[in-house]
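Presented sequentially are two complexes of subunit A, the first with subunit B as partner and the second with subunit C.
This part shows the complex of A and B:
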């Protein structure tokens, strides 16, 4: 039990150390990109669960991220003041709507962020269930193509829909209020609290996924990954498990979309783009496929570098190149699970005798 | 008492009638062997019984319940588990983990319980481990518990696969060529193991090419040729059956 949570605690320590580090060199503006990195990391670890442990692939996760982000952005910026329908007044009386000032000093009546978040997650789950059912019957390249299609559909929809802002996206999304006076927003005054909130969410997600991997369900998913027919013959409902893990990882992406949209104060169609999906897959691949910690650490480094603009105009090129290089030279990923034991075996002369009792 | 009853089952693949109006019963507590020349349809029959393929017609009754329209997963939850002609162990998992997967149908922690690591799952996990260890001790593979299953020698992988099936506590165990690829010593060991499994109260149906093994351990033998049953009897009688000798050795009797 302690062995499972020790790395989680160590990672939390790292997050604190990074914050103190930025404080000591007076570079706290880095926390903004680090916070955004946290939300992208949430997508990555959810995708890692799907790819690395359950052996399925999704090239459409940016689509789920965008569904989460766009639903919450739309609902929290859509002014209902002029709408006097029965539903609106019912929602208003039940406290599901909030009134706030927009940037021009006018008054807005919109859906409460919490309700918007719930709606966003519900839609993410519904879409994932709906497309996952038929799509997960496919394997390998076919599954990759089908999920790529999902991503493209979402991208074209948000790009071509006027009330979603078309190519401009949606801006002026309010912060997301939390108990204790906390607010998920990009306001510079709450930079530190937002940094910890975001990474706290990632750590919580990691703990949940690590538990899942160690559980009966985790073994079953691993079995489905390794030999699907044999897993079925052991009484594992393989299609249901694949669908559940697909939905779970879509929820991670959707939640990340919701919170990053509130943090950034908006969302644009590029978040739904195919290159975003490729980027998530590339990070999982370089992180070692079936290695949550590897994916998380690679996500931390690469997303941060990308968001700080270190890759310049070659941003997408870098992630495309990573994917190609990993597939060519290290299909099990760079930080694969048995890396340490493999290295030890390479170093020691008599690996087999060592194992004997 | 009849545990499994195959009644008039047929299966066609395009122009090939793989199984034709096949019927036989497996009595509870018995070891029954299914033999026949290569291409007789034995593995297809296994796939039909275990829910990997749906039959075109006929019914398969297991423990009083028609299972011919069920998936392999549903069949497994009812207490029928199979092994594969080509060993299908789970790669990247240890021997212990492979066998623990076999406990799936006897545990219930789902996605939510697993993620939240709910207290009831701790107890369940402990029971899964204990039971798996028990099975490994029974099969003499407990020393390999922490080894990656697919890195074991071929014969041991077979034993692990059987262990995984036993972890399901099946009423009926289907073994698809359990002695294939084993040397003589290992084959003898396999025969003893199958008899021991039967003595534990597990009914066994096996497809096997090793005739000395079949004749030694089986209570009854079904012989199929071109998808049709040509004989069903005790091993000694099967050895003397003219039709069986004909399909195995040809028309030209010496």
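This part shows the complex of A and C:
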């Protein structure tokens, strides 16, 4: 039991160390990108669960991210003051609506962020259930193309819908209030608290997934991954497990979308783009497919470098190239679980190809 | 996209028919190089792995095109006439370029049908698609067949790009939607059936064009993908393909 949580504690230590490190060199502004990295990492670990442990690929996770982000952005910026219906006044009396001032000093009456978040997650779950059922029956390139298609449909819808801001996206999204006076927002004064909130969420998610993998469900999933027919013959409801993991990883993506939107104060259609989905898959691939820690650490490094702009105009190229190289040379992922033993075997059998994986 | 862009660039130096021919050859070479560098030496790759690799390659090509040609929209001039001239076909006025597209499309399908059914090379390629090991046992060089099929489909894609780009224009990111549409049409018609693919392509195009009556134009792209999903869910063998034939295929 204690051994299982040792890596989690170590990771939490690393997060604290990074924060103290930036503090000591006076570069706290890095924490902004690191916070955004945390939310993207949440998508990545969810996707890692789906790809690595359930063996199903999804090239449409940016779509779920965008559903979460857009729903909360729309609901928390949509002024309800102009339409006085019975529903609106009922919601207002029950405390579901909040009144606040926009940047021009005008009064806005919008849905409370918590309610918006709940709506976003509900919609993500609903879409994932509706789509996941038929999609997960597909295999191989059909599955890849179908999930890619879902991502593109979401992208096209947010790009073509006026009340979602079309190509401008939605901006001026308020912060997300938490108990204890904390607020998820991009405000520079709350940078450190936001950094810990974001990574705390990631660690919570990781703990949840690690527990799931160690459980009966996790063992059933790895059986599905290994040999689906055999797992079915052993009495594992394969399609239900696959669907549940798909929905779970979609919820991770949706939740990340919600919080990143509140943190950034807005969301644009590029968050739903194909390149984002490809990027998540590339990070999971380089992280070793069925290796949550590998995916998390790669996500931390690559997302941070990308958000700081170290890749310049070659941003997409880097992730495309990573995807090709991993699929060519190490289709099981780079930091895979049995890497050390694989390496040993390869060296003993074929000493020339020492650096092959 | 690559074919159209190359043709536009070459058209500045050489006459248009030559530019198109050269563009098709360049694209064929690129297709062959991609196959030899990325696909050929893989030992029994799974289809999914190849799909992910080709998605990665398409991203790389797109980024390279962006760095070479920039973001500007380009087009070839109309083959005959101009963008405002039209031909009267029994009371219907049609742009001459549309006739070129239809004509060359028909020609390409006819040529492919002849190639696959009547020439030795085409038959070898079909044998390779049906069962690679059996084809190898019959003395067919399956590796070369795969390279050839990459070149062939790259060439057809390039011809399509050249013919259509006077109407639709071409820019660095016009490849990806076309690839997905191409996949949709191929699935719709049943994989490996070029005549049915034409019919499927026409159905898709008409559905997409008429969808703007009921939905905003911005959703046009989503329509073809929704059709793809519907087909995949309901009848993965395609509307013209038979379920038995699809089951015989290995993937």
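Simple rule for what comes next: the second predicted complex is superposed on the first by the 342 of 357 C-alpha atoms of A that agree within 3 Å, B and C clash if a C-alpha of one lies under 4 Å from a C-alpha of the other, contacts with A are read in each partner's own complex, and residues count from 1 in each chain.
Going forward, contacts are C-beta pairs under 8 Å (C-beta built on N, C-alpha and C of every residue); 3 or more make two chains touch, one makes a residue touch a chain.
This one's a predicted model, so the numbers in the text were calculated from it and none came from an experiment.
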| item | value |
| --- | --- |
| When subunit B and subunit C are modelled together on subunit A, clash or fit | fit |
| Subunit B versus subunit C as contact partner of A:331, first or second or both or neither | second |
| Subunit B versus subunit C as contact partner of A:310, first or second or both or neither | neither |
| A:290 touches, of subunit B and subunit C: first, second, both or neither? | first |
| Touching partner for A:138 - first (subunit B), second (subunit C), both, neither | second |
| Partner chain(s) touched by A:236 [first = subunit B, second = subunit C, both, neither] | first |
| Touched partner set for A:281, first subunit B, second subunit C, both or neither | second |
| Angle at subunit A between subunit B and subunit C, C-alpha centres, nearest 10 degrees | 80 |
| A:212 touches, of subunit B and subunit C: first, second, both or neither? | first |
| Shortest CA-CA distance between subunit B and subunit C [superposed frame, angstrom] | 9 |
| Residue ranges of subunit A in contact with subunit C within the complex | 57, 59, 134-135, 137-138, 140-146, 148-150, 152-153, 156-157, 159-161, 166, 274-275, 278, 281, 313-314, 316-317, 319-321, 323-324, 327-328, 331 |
| Subunit A-facing residues of subunit B, complex | 50, 52, 71-73, 76-77, 81-82, 84, 88-93, 97, 100-105, 107, 109-111, 113-117, 121, 124-125, 128, 143, 147, 164-165, 168 |
| Subunit A contact footprint on subunit C (complex, rising order) | 38, 42, 45-53, 55-57, 59-60, 62-64, 67, 176, 180, 183, 216-219, 221-222, 225-226, 228-229, 232-233, 236, 251 |
| Subunit B contact footprint on subunit A (complex, rising order) | 208-209, 211-212, 214-220, 222-223, 225-227, 229-238, 244-245, 248, 290, 337, 355, 357 |
